[in-house]
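In the two assemblies presented below, subunit A is common to both, partnered first by subunit B and then by subunit C.
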Partner chain A sequence: MLGNYLKMALKVLARRKFFTFISLFGISLTLLVLLVATAMLDQIFAPQAPESRGDRTLGIYTASLRGEDSVYNGFAGYGLLDRAVRGLPQELPGVENISLFTTARAAISYVGGQKIESSLKRTDGAYWQILDFSFLEGGPFTAEDDAAARFVAVINETTRGRFFGDEPAVGRTIEVDGQRFRVVGVVRDVPILRVVAYSEIWVPVSTAKSRAYLKEYQGNFMALLLAHSRADFPQIKAAVDRRLDLAEAHIPDRRMFQTIDAGADTLFEAVSRTLFEARESRPELLWALLLGLAVLFMILPSINLVNLNLSRILDRASEIGVRKAFGASSHTLVGQFVVENVVLTLLGGALGLGLAAAVLAGLNESGVIPYADLRLNFRVFFEGLALALFFGLFSGVYPAWKMSRLHPVQALRGRTV
Partner chain B sequence: MIRHLLKLVWNRKRANALILVEIFFTFLVVFAVGTLGLFLWDNARRPLGFDWQDVWAVRVNMQAGSDDTFTAEQVETAARLVREVETLAPVEAVTGAMMEPFAFGQYTSGRTVNGRRVSMSVNEVTASFAEVMRFDVVRGRWFQPADAALAWRPVVIDEDLAREAWGEEDPIGRRLGDPDPKSPEPERRVIGVVRDFRHHGELSGPDNFVFYHKRLGHPQDRPPRVLLVRVRPGTPVAFEEELTRRLQAVAHEWSFEIAPLAQTRESAFRLRLTPLLVGGIVAFFLLLMVALGLLGVLWQNLLQRTREIGLRRAIGASRAEVHRQIILEQLLLTTLGVLLGTIVVIQLPVLDVFGSVLRPQVFGSGLLSASVAMYLLATVCALYPSTLAGRVQPAEALRYE
Partner chain C sequence: MIQLERVTKKYRTERVETTALDNVNLTIDQGEFVSIMGPSGCGKSTLLHLIGLLDAPSGGSIALDGKPVERYGDRALARVRNERLGFVFQQFHLVADLSVVDNVEIPLLYRKTTGKERRRAALAALDRVGLASRTHHFPGQLSGGQQQRVAIARAIVGKPAVLLADEPTGNLDSQMGDEIMGILQELNQEGTTIVMVTHDPRLAERTHRVVRLFDGRQVQ
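So, the complex of A and B:
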């Protein structure tokens, strides 16, 4: 029976090639856009290597300093973060490790008269324990290297190519922003969308040109806190909030700024905090925004699908009439239309998945987004498919069902509902 | 004729309602993307007001804890930096400023002029700024070092600000900002007017702009956050290395970041155009999807109306008349959808949302182009089905029933 339906469905789809094409086009294209968009979001937020422990990591990513008529929104300084997290692993059993590091900034090198621009990040030793880089050569620098202010560097694969061709780099020297570093490790390239892990060159924090950063509240630092499990999050957040309250008394410029708005957030919470300039992180707002955008985007394709399906069914009134006249029950007819729509949607889904895979591979290859490593999100794929199925059934089967209840004679005469 | 067509459309209201909804939403999408594109294009064709080529920005980080406190020593070091850079051979001119053009972030200030609130972007620059950025003063004069001795603070404004604050009157010598006992500020007087200065780059909207005079080496003026250096054309990038070394030698503790304005400009372009590009591509495919869908639905509808059309042909309607009827019906439906969309969209300027983007001219042309696009889409979609309808033979109609 089902096999019969399937055969019939494919026959019908093949007979009306133009309509099949439009439906498939709509479904696959909508899925394509959804999948590419979520692949980007995943690249930013999902726990992918080197942030494989991202699901149990909190961070202080940005900070706001507020005064009566001044506001600073930006990255925090080392001094502020130091007060917020130093010693937390000893104080709270839930904290496994902490790390302070800068954002990736442009750094210039000159090799044989050629200018090389790289992203440079200054990190401490713990950074390499919290994150999970895959080393092609050598290894990370350590907390001792940082404490002793040794001029050592970890570089990524592409930077190795730029400086040394394809030869091994460990032990050789690079000059960046007028400072000379000995390369101790080479890691695989990290996607630029990963705020915490991304850079091209990593060097110890203590190699900074001046020690002034140690006291700064405004700067370009971030902090990471690795928890034992997500269950420790509330406790850690509370502890950081308490410490930040205490830190307010030490703001270097008390006349301008009196309060600090910051906190230990997941990356998603942090983005919603900056996006909505909220004093507390409001992840639900960001969710609402993303969902709203997705719904807005899907309205048109849905209406289009419903529209097409309706006119397709109306056109087949006489077919329904004939089948009814020969004794088909409403159930049988509905079953047939269900199978037809499911087949159509699945075909569109497969097509969309293929297209998305191709587009993502193209994006990864092209280098439009440096070091992109975009991957398909199958959960979103199935959700999108389910939605397409819903609209397909709603618009294709419901009218068919109503029509199947018409008197065969009327249906045969081509009367529509 | 129209009334008759309206009746025809109304008779098939259920099928038409969905088409109407589809046209309505498509109109909104086209309007959104089109208006944004028009806004940027309209901005891009206006003159920039300065010359960015061969200008390098040296961002100066004094590595001090706070941004607004500074010491006399830092002021002195900054002045020495400028003098040092001036002596280098590839440098034509150098100036100190609070902000560099094209960079992200801005400093705006609100002031009451003649009892009216006027907002403006501010940059504080030293006297050589006009020479480095190569622009002319159209009225009055630019700053000169001797201005440091004036009892009041001189400012130079751009034409946008002059127009908004004083209309057609001559702004030279006027006071910028009525005296306000609550926040005592030094008296600022306009000494010159420059052409529209588009600090945020070609793609940004018009903006009131005012230059304050930064006195280099003056203990009350903050050292510049950025030095703008005009280098001789063809200066190799390798000079950046030399420049950094010389700066570092004057101020060991500070750090410097050199970026040619061309580079900052490019990344500003990318930042603004990428969302539009992505939105445009998605909108294009949505449009294609809708176009194909509309074509399919119209085609299908016509197949159902074979009888009706055949009858019209049988009683003497010509092929062209049928053809016209179908297209007009579609255009009527489009008009309804566009009207509905316009009613929604017009709420934006009424409620003053996105006021800076939706200036009257952009809004008007955005509305017009979205409407034209919708009519075009509808006509193209109706063309083939209506041709088919014209071909219906009267006999076919009679064959039914």
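So, the complex of A and C:
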């Protein structure tokens, strides 16, 4: 019977080209947007190399300093983060490692008279232990390199190409923002969407031109805390909160700012904290927002499909009457119409997946998002498939039930009520 | 084979009650060719729909093969319609999205048959009505007479015991009408019981018995 339903569905869809086109367009476009958005969120939040330990990593990504008349919302300074995390691995057994590093900032180099703009990040040695970079040459710099302020650098594959063409880079020197660094390692390119790992050049924090950053509360630093497991998160968060409370007494400009809003968050929590400008992270709000948007995005084309299907009742009343006259029960007709819709939505789903794959490939190639590596992974694929089935059932069941309830005599007369 | 006892059919709206059939008693034996005649609106089609189990009477009882059908549920009625009855409509009611052969296969879709068996039976039915060469055409590509022949092929493909035809020649010219009537007579000679609604006394003359209705009442 299912085979018949499928065959019939394909025939009906092939003959009703306009209806099929409109339906497929709606479904595939919706899935395309959802899949591209999911792939981007995946790239930002999912634990993937070099952030493969992301599921047991907390970070202090931003900080707010507040005073009676002043507010600072932005990245924290080294001085603040140092107070928040220094010595935590010794204090809390749940903390495996900590790292302080800057955000990626533009840095200028000249190669053969040509200006090159690169992203440069200053990190400590622990950064390379927490993150899981794939080295093409050499290796990372160490805590000793940072302590000794050695002018060493790790660069990415693209930067190696810019400076040295196809030749190996380890042992050679690059000049960035007027400082000369010896290359000790070359890593694979990291997508810009991976906030923690992304850069093109990484050098020790201690090679900064000034030591003023050591005491600053406002700056361009982040902190990473690698826990032994997620179960340690509550304890770590509480410890960081306590330390941040104590750090308030040492705010460099106490006349402007008196309180600090920051905390150890997962990346998702940090985004929610920033998005809602909340003192506490609000991941449940961000989840609700994302799910709400996704549901809204799915419901609109579903309602459209339900409407289209209901309007088809009039069109297909005679067919329903004929099928009933020749032995179709209401139950059988529901099955037939639901299968028709599921086939339609699966086709739309497949089309949406294909389009999404093409758009993601286009985005990766275009360079609009530097080093983007957006992929339709299996999880996203199955989410897409589940969405398509949800569409098919959601938009098919009610019209199918309505169609099946038509009185055969009324249906044969072309009436739908 | 088919027995109707004191059958009435009333249609109710919020304010008006219309009696379409009033106290109809009718017995149709196996192998009969019965025509139902009467002026427009006298209840001919309503009677055919009741015999075809497409509608339920407001009063009285209907029995098919000696079994009363009042208590049959949706599935049981569907099965009886599928296995025992075949319909030919004035408007043909072919599914425009399906080819001729797919239209003819429709009754068999609701039986346990393989695709090959369905196709073989559908082609045989089309051959029976002289349309073997049009199997892959769509209804819109056929003349009225050809469409009605497809409709007859669809009605007989499942070898029903009873064929119910609602003005099968009503939309055809007289020559086409004669052809369709010829096919129906052949089917009847082969053993199929036929109940036909018609306005045309010439066609009614060619059947075994005429049932006349007037204002919902049986007058002959």
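We adopt the following convention: the second predicted complex is superposed on the first by the 381 of 417 C-alpha atoms of A that agree within 3 Å, B and C clash if a C-alpha of one lies under 4 Å from a C-alpha of the other, contacts with A are read in each partner's own complex, and residues count from 1 in each chain.
One rule holds in what follows: a residue touches a chain if its C-beta (ideal position, glycine included) is under 8 Å from a C-beta of that chain, and two chains touch if they have at least 3 such contacts.
Given the structure is predicted, the values throughout are model-derived calculations rather than measurements.
Engineer: Identify the partner contact of A:P301: answer first if only subunit B is touched, second if only subunit C is, both if each is, neither if none is.
Structural biologist: Touch status of A:P301: first partner only.
Engineer: Between subunit B (first) and subunit C (second), which, if any, makes contact with A:Q235: first, second, both or neither?
Structural biologist: After superposition on chain A, A:Q235 lies in contact with neither partner.
Engineer: For A:G178, decide between first (touching subunit B), second (touching subunit C), both and neither.
Structural biologist: After superposition on chain A, A:G178 lies in contact with subunit B alone.
Engineer: Pick one for A:R323: touches subunit B only (first), subunit C only (second), both, or neither.
Structural biologist: second
Engineer: Which of the two partners, first being subunit B and second being subunit C, lies in contact with A:R15: first, second, both, or neither?
Structural biologist: second
Engineer: After lining up the shared chain so the two structures overlap, which partner does A:D253 touch, if you call subunit B first and subunit C second: first, second, both or neither?
Structural biologist: first
Engineer: Can you tell me whether subunit B or subunit C touches more residues on subunit A?
Structural biologist: B
Engineer: List the residues of subunit A that touch subunit B in one complex and subunit C in the other.
Structural biologist: The answer is that subunit A has no such residue.
Engineer: Spell out the part of subunit B that touches subunit A in their complex, as residue ranges.
Structural biologist: The contact residues of subunit B facing subunit A are 15, 18-19, 21-22, 25-26, 29, 63-69, 236-238, 240-241, 244-245, 248, 252-255, 257-259, 282, 285-286, 288-290, 292-293, 295-297, 299-301, 303-304, 400-401.
Engineer: Residue numbers of subunit A touching subunit C in their complex, please.
Structural biologist: The touching residues are 3-4, 8, 11-12, 15-16, 318-319, 321-332, 407-409, 412.
Engineer: In the complex, go through subunit A and note every residue touching subunit B.
Structural biologist: 18-19, 21-22, 25-26, 29-30, 33, 72, 77, 79, 105-106, 108, 110, 113, 115, 177-178, 209-210, 212-213, 215-218, 252-253, 256, 297, 299-301, 303-308, 310-312, 314-315, 413-414, 416
Engineer: Where on subunit C does subunit A make contact in their complex?
Structural biologist: Against subunit A, the touching part of subunit C is residues 49, 52, 54-55, 74-75, 77-79, 81-83, 86-87, 89, 91, 93-98, 102, 106-107, 109-111, 115, 154, 158.
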